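Each of the two complexes below includes chain A, the first together with chain B, the second together with chain C.
What follows is the complex of A and B.
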């Protein structure tokens, strides 16, 4: 998560209007998932790779590393579709185990392949958004879309305080380590518990202090903020729409 | 003099909306006090000890005032009271000659006039985006979006935040966070700016930067109240030093007056500033004439030699 946050700040596509990026990511994701077409998914996968690693300047090795993260889920998910345990052998493969067969159908394999492609394509859409847009810009774009303010305010505060608490937690852990707090399993568990409880108390204290500080700046219950604006270019919108139409066409022709 | 006035005012009663306000408003205009604190006491819930104990204090408009005193002497509580975050149990606080009204509108007015830069920037910065962070206060004052945008951009420029304005808050250094914390308040155009130990945990470079910003505040006519433990800096910078101890002001005066009051300094567990110590020793030894005015800072002392 920290890695994604750091990369999103360095991305060369960072200053492109967040609404354009959000629109692109959401529409592409929707088309990719709805079509269930391997051709669409492959196209999306390729285009997002070029955009993120090429145009965005995210190091390719890191991008590939990030793509392997959902792989475990993918394998588990596709295994469920391809591998059956049944009394009758199916057409693709069958391994006899006693009375039963571990077996799969070619239709199942086909489906698993499509599922895999669709999932990877969808993941690249989300990676495109999160690797090229900083969190606060995504929130600002959501604000423009009139998402519920409470949800956005909570996200804003949670996002900020993940890092504050992470910093505090790391500091506590370091100080525990410097006092042999992780000598063996027992002390390690104990230290971790102690850190958790003191972190909780600190979080409560912090939230009180933050509330005071916000009140000192005339906080009245709604978090009003302005974000920096990066103007959206018509050309960018046009590109997105054209691309989505093209994807729709691919879906239609290649099924 | 100020103490006489205070006891007179205290005699007038310290209810929140007394009719005799009008009468001494005129006196205050003459004195030009921006803040008056009269017999203020405050106790935190569930704490037997009074954090503020019958505190009296007047602050002149445009002054540079250093607040000194040990931890727990009540500085931070006083600051929160001045901004209406904490409501005194007894006594009253006047800003611009008007007692603080603890209504929504009254508090809005006070908080627009008195701004606090908190000691720990991580307790103050709530947004990961510097721009959003700075825009918060001014929008709360009801400023329209376009003006707010201009003001935010002006302050970013003025406090030299531009180089790191696009970085998320958690990627900023302590000094940069402090700059943003000051911008947070400055954008609201306060009359009084309270800085709670602004140089705590900063390196010399950023301390210098903060000091520079503080000087520019005074140049703008903003009254600056600063809590600090740095006696040498307070002596050099302040027009007035306020010594606090156990929720009371035990001494208020020019830096030299306060620094020569050994009993008060001892009570607040503070050391004499180096300049004063050297100056007194030199005078004792007859190295500098006895009738010479006390030096305001090290450079002045060197000039005497």
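What follows is the complex of A and C.
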């Protein structure tokens, strides 16, 4: 249903302690964004690629496909950062259009390059976390960080419901398509609206049924789920700390 | 000169074509790692009061009636699913709704702020739309600012006795447009233009995202109207259970 979720269940790194993975991803992400250096970003990009596609066993083709998801934003945003429209030409390039120039400076291009590198590096951190850790494990790790229990409960329930509703929604859309529900733009809009409203009705119905089921099983206002523990190994901790120190070093020396 | 013009035209066509072939042209999620650290933290801090207000209101609702917990969770999942299903688009590229406008009309802006941040976390982790570092900025534009505008416009139109469909359309449309403007300004503040500062940069970002965002806002408005009509026709008891119809006598 959701590609990333499916892959995270298959990952070979799935059973590594979630807190360690969370710590690695967040620290690396923070260093990558804080430093904004191309060297750090390139290193992070490479290491995360090796960890996710190599060690984690995520198919490389899918990994590359996932990396192109934010591409449209990256290209559009970077174009807006580099290209200026101004009365005076800047130093890197300038194309005259009437009285104005479509122009850019070399400092701007340099900045845009660093920005792209940082963003791509940061995205691989996010992918490392989401492709190798199941959502419930992330939530269990958050519980250890003492986040508000109501928020976590809500997140857990939403996570579960997403798949229920997504399945229903997709099924409705499939049946609409098989009945010429996407014949032209008007019908398509109407079909989507009908799907949305019936999805809402089904959602409310299901939430009532779920509440009844929970009530029948002694629900007293809090959800308690048993989770299996995968103890953190000392070697993994050492790897994470050494890597972060190394990244810090690269940031310090290469800038 | 003609050669240069050719280059400019070529570049523009390539740029426009980009949106046709790009895998997802989404509601405006700022990509992971795209904002400098200071801005990430600042936007997160700005969101905090709204989130706390939303959280308290949810907490009270759950305390009032435990049954509300599953209902709220279902609403959150509904927003996520509506925003992750492919919507009909004119260009043929794959686009999505924000969903938060519909949420704000149905559940109110306070609930949507908390549901919005949870949905945004799921969008970042499960769909790679947006990111963890840019969560604060995205939450502000999509879960706080947009829904607030939607809700205010909707209430305003209702008190002005405007047609229900028109008010829903205007609310969802303007909320979407506002989200898109806020995101552009967020990007512009982080990356002011070398020629003209923040204002010029904001215009650039607005221009760059206009080809995808303007049609999307119109479609989102239309779809929200269609969904709300469908709900009013078929789902009156359900709407009453979430408190959407309680203020109306005829309901």
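Definition applied: the second predicted complex is superposed on the first by the 240 of 255 C-alpha atoms of A that agree within 3 Å, B and C clash if a C-alpha of one lies under 4 Å from a C-alpha of the other, contacts with A are read in each partner's own complex, and residues count from 1 in each chain.
One rule holds for everything that comes next: a contact is a pair of C-beta atoms (placed from the backbone, for glycine too) under 8 Å apart; a residue touches a chain by one contact, two chains touch by 3 or more.
Computed from a predicted structure; not experimentally measured.
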Partner chain(s) touched by A:40 [first = chain B, second = chain C, both, neither]: neither
State whether A:224 touches chain B only (first), chain C only (second), both chains, or neither. first
Mind working out whether A:5 is in touch with chain B, chain C, both or neither, as first, second, both or neither? both
Answer with first, second, both or neither: which of chain B and chain C does A:134 touch in the superposed model? first
Looking at the overlay, what does A:16 touch: chain B (first), chain C (second), both, or neither? neither
Superposed model, chain A: greater residue contact from chain B or chain C: C
Does chain B (first) or chain C (second) touch A:214, or do both, or does neither? both
After superposition on chain A, the chain A residues reached by both chain B and chain C are 5, 135, 157, 159-160, 164, 206, 210, 214, 219
Under the stated contact criterion, what part of chain A meets chain C in this complex? 2, 4-5, 26, 29-30, 32-34, 36, 65-66, 68-77, 79-81, 83-86, 88, 90, 95-97, 102-103, 105, 107-108, 111, 115, 118-123, 125-127, 129-130, 135, 138, 148, 150-151, 153-155, 157-162, 164-166, 169-170, 173, 182, 185, 188-190, 192-201, 203-208, 210-211, 214, 219, 221
For chain A, which residues are in contact with chain B within the complex? 5-6, 9, 134-136, 140, 156-157, 159-160, 163-164, 167, 206, 209-210, 212-220, 223-228
Residue numbers of chain B touching chain A in their complex, please. 80, 83, 85, 104, 107-108, 111-112, 115-116, 118, 120, 122-129, 131-133, 135-137, 139-141, 145, 148-149, 152, 165-171, 184-185, 188
Under the touch definition given earlier, write down the residues of chain C that touch chain A in their complex. 4, 7-8, 15, 18-19, 22-26, 29-34, 36-37, 40, 55, 58-59, 62, 66-67, 69-78, 80-82, 84-85, 87-88, 90, 102, 114-115, 118-119, 121-122, 124-129, 131-133, 187, 191, 193-196, 200-201, 204-205, 207-209, 219, 222-223, 225-227, 229-231, 233-235, 238, 241-242
